[in-house]
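First chain A sits with chain B, and in the next complex the same chain sits with chain C.
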Partner chain A sequence: MSMDNKAKIGEYLSRFFPVQDLKDDDDIFQLGFVSSMFAIQLVSFVEHEFGLTIDNDDLELDNFRSVGAIDAFVTRKLSASVAS
Partner chain B sequence: MTSTLTAEQAQAQKEFRAFADRHIVPHADAYHRAQRTPPQTVELLAAEGLLGLPVAAQYGGGGCDAVTLGLLAGELGRACSSLRSLLTVHTMVAHAVARWGSRELKETWLPRLARGESIGALAVSEPGAGSDAAGVVTRLTPDGDSWLLDGHKTWTTYGETADVFLVLGRSPEGPTAVLVERATAGVRTELIEDLIGIRASMTADVHFDGCRIPAGQVLARPGLGLSHVVGTALDLGRYTVGWGCVGIVDACLEASVDYAGSRETFGTPIKDHQLVRQMISGMYTDARAARLLCLEAGRLRDEGDPGALAQTSMAKYFASTAASRAAADAVQIHGANGCSAGYPVQRYLGDSRVMEIIEGSSQIHQIGLAEYAFQERALVRRRQAGATPRSEGR
Partner chain C sequence: MTTVKCVVWDLDNTVWEGVLLEDGDVKLRPGVVDVLRTLDERGILHSVASRNDHDAAMAKLEELGIAEYFLYPQINWGNKSDSVKAVAEAINIGIDTLAFVDDQPFERDEVRFTHPQVLCIDALDVERVPGLPEMHPRFVTADSRERRHLYRADAERNQAEAGHDGTAEEFLASLNMRFTIAPAQERDLQRAEELTVRTNQLNATGYTYSYEELDAFRTSPGHDLLVAGLEDRYGTYGKIGLALVERGEDAWTVKLLLMSCRVMSRGVGSVLLAHLIREAAAAGVRLRAEFVPTNRNRSMYVTYKFAGFRETTTDGGVSVLEHDLARVPGFPPYMEVLVES
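Right, the complex of A and B next:
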């Protein structure tokens, strides 16, 4: 997907994790949650920013594990919505 | 103050206020003293469609926006914090089902919850786990194609009368949320009496002893019961509690202004005493500020803005602390009368104390809000420096 989307995701995630350089494949779950509300903040961000709805079937940790994983997930969801 | 409301929202608020003034305000002190909510009152709320107001229309609810739900919580909170608590826990359960329930769970439960035929309650806290919900020890043990639920929940608002519980337990996958019907074998409740506030809220201990729960009763998926399901419910609960506190401040202000205008000391109404005016001015300002914070939270929620979580936390934190200040001052203005059962301000005092504890204590919110402040400042610094967002830490 475009670097724009990765940049948006990276900027949002960088608020939460005290790391110097959040790389595309950094596992954010290994970096540790900073808030008990982080998960639903992340869901809310992805839905609001990219105009999609996250369903129960989407709740695989691998979809949200890193900047790259979220970007790939968003790309798949948007492609599926266009195709349907 | 309705200037930021749409015409529909303003009309809804007018109707909520009239309903509360007619059906709840005259009886709230009696509910408080009896430590009971009459079932007829719950039935009336259901018949008016108020319990299902935020549930989607496709399931028989009112499909209202967040601001309108907040206005309802505010008017109920002004009248009776126990009944506002009913709205809060019931809508938390409905919201969690709508957001994370399977299609079958939605089709089964949302129409019942929307009509108020079934009342929902949240069973998360335990004797050893309150603010630290991750510490729950209630067990969900896989057993064939179902779960066995064993544990003891406490402080379950309307737990004594609820028909269905949203229960947070611990399964092998981690925190897991399930819907449990009261009629399930092994469910037992015990009313908790003599609370300091929300005394009519039928708060209960709930025991689950070997309850067999079908696998389809899980919300989201095992392991995500706290991070997603309870988190979603809690966020909405904070929102309606915040609004309920706006109602408490309004009630304190109305009672205090009326009393200060009629009560005389030293040959003059006490409203002429500057120190009484100081308390009323604080209440007046807090009422406006709390309402504005809650309205902003509602607006962000209606826009689906992820910033709504932080705004909701701020609104709840401010409104609940404002309610504590207002109730303490309202009792002070009423003097000895304020300490008696003859005036509602003594009810507001106890209710406001509870508001600073439920749905995230003031201290939990302070911790989170400080983190948001650091995050926002770090983001501003990065942007000012023109740095690539992901090339810097905070």
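Right, the complex of A and C next:
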């Protein structure tokens, strides 16, 4: 399940970054391209693709800086919503 | 009353006298060119909604020397209400900011029925158009007089972007952008005031300031009022950003950060923030920013957060964000950044 999520996230990010084979822990913010448009698109992508609501408190760089970080964040949010 | 941002013109028996496909030698309606020019100088745009042969009508507009005035002309056999809507979408302005000029009551009624917010004008009244209160924008600045060229450059860019094969970053690199950050001069103040009133999509606090207030900040030793401009190989975008920083002894507070939504995908909001972070770090002060959420500025909040700001307090709808200055950002490689002092 998590592998599927990573593949979806990686596929989405590859539209923005001129990088072949984005690795799990490649820091996309170090790679340079962060416009307001990209930032809000990335947040909307995660919300819609995984059916989440992202609160202001979740909007931390550490949750979005790599494929692995987004995947971990999504997994955490999904399990929290199941638990509650 | 809503100020008109774009006038959409019928052609046959409106811009020119006669029907082009019946008489290839049609002449301009008297007064039309003056109206086009007068409104253009006020920063009001023009477009076309005509049922006509596209190529023949465009050739005639060229021949008459007025083709350059019209952005995204809609010349086809469809409904005028669809054409008017297409113009609003292409320019990315609200349909309530359009006026529509046509000699035929049927066409005006058809547009009015579908879009009651559009100001419909009889071609017979064309010479009275510049005198209408809706045709007097609150501000006429150097940027508004240039507006048609700004939008035309945007149209070319959009076309280039749509036809671009690679990634977004590669496209940005191909633009050869030059971003300038400079203290506001007196001549910038009207545009600065216009930006605080016009731009609400990417305004971090939504505060608006009058010309006099901005002038006071400009000359106050306790404040920095910065204006940002952008150009690329398609031309200038004009002055597209504004920041107001209150300089306290051990902390600076960003009271206002705004960017025109036309440059939302260019990464310049992050660059302006990066500049402020670097300046604060160099001055050895803390950097705070106020944020007031609206239903349209979430992307600005995300920009702050992704630039390394953290929310510290919320009081009466105003959040305060703070950057810890631990990681001071550089400027992106795909853009030349000029900081004037």
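Assume the second predicted complex is superposed on the first by the 80 of 84 C-alpha atoms of A that agree within 3 Å, B and C clash if a C-alpha of one lies under 4 Å from a C-alpha of the other, contacts with A are read in each partner's own complex, and residues count from 1 in each chain.
Here is the rule we use: contacts are C-beta pairs under 8 Å (C-beta built on N, C-alpha and C of every residue); 3 or more make two chains touch, one makes a residue touch a chain.
Just so it is clear, the structure is predicted and the values come from calculations on it, not from any experiment.
Participant: Looking at the overlay, what does A:A39 touch: chain B (first), chain C (second), both, or neither?
Facilitator: Both chain B and chain C are touched by A:A39.
Participant: Is A:F29 touching the first partner chain B, the second partner chain C, both, or neither of them?
Facilitator: second
Participant: So in the superposed three-chain picture, is A:D21 touching just chain B, just chain C, both, or none of them (first/second/both/neither)?
Facilitator: In the superposition, A:D21 contacts chain B only.
Participant: On the A-aligned overlay, A:F64 touches which partner chain: chain B = first, chain C = second, or both, or neither?
Facilitator: Only chain C is touched by A:F64; chain B is not.
Participant: Of the two partner chains, chain B (first) and chain C (second), which one does A:N56 touch, if any: first, second, both, or neither?
Facilitator: In the superposition, A:N56 contacts both chain B and chain C.
Participant: Counting contacts the way the document defines them, which residues of chain A are shared by the two interfaces, the one with chain B and the one with chain C?
Facilitator: On chain A, the overlap between the chain B and chain C contacts is residues 14-18, 33-40, 43, 56, 59.
Participant: Under the touch definition given earlier, write down the residues of chain A that touch chain B in their complex.
Facilitator: 7, 10-12, 14-23, 33-41, 43-45, 47-49, 56, 59, 67
Participant: Contact residues on chain C for chain A in the complex?
Facilitator: Residues in contact with chain A: 166-170, 172, 202, 259, 264-270, 298-303, 305-308, 310-311, 332-334.
Participant: Give every residue of chain A touching chain C within the complex, in rising order.
Facilitator: It comes out as residues 14-18, 29, 31-40, 43, 56-57, 59-61, 64.
Participant: In the complex of these two chains, what residues of chain B are touching chain A?
Facilitator: That would be residues 100, 102, 133-134, 220-221, 224, 226-228, 231-232, 234-235, 303-306, 308-309, 313, 368, 371, 375, 378-379, 382, 388-394 of chain B.
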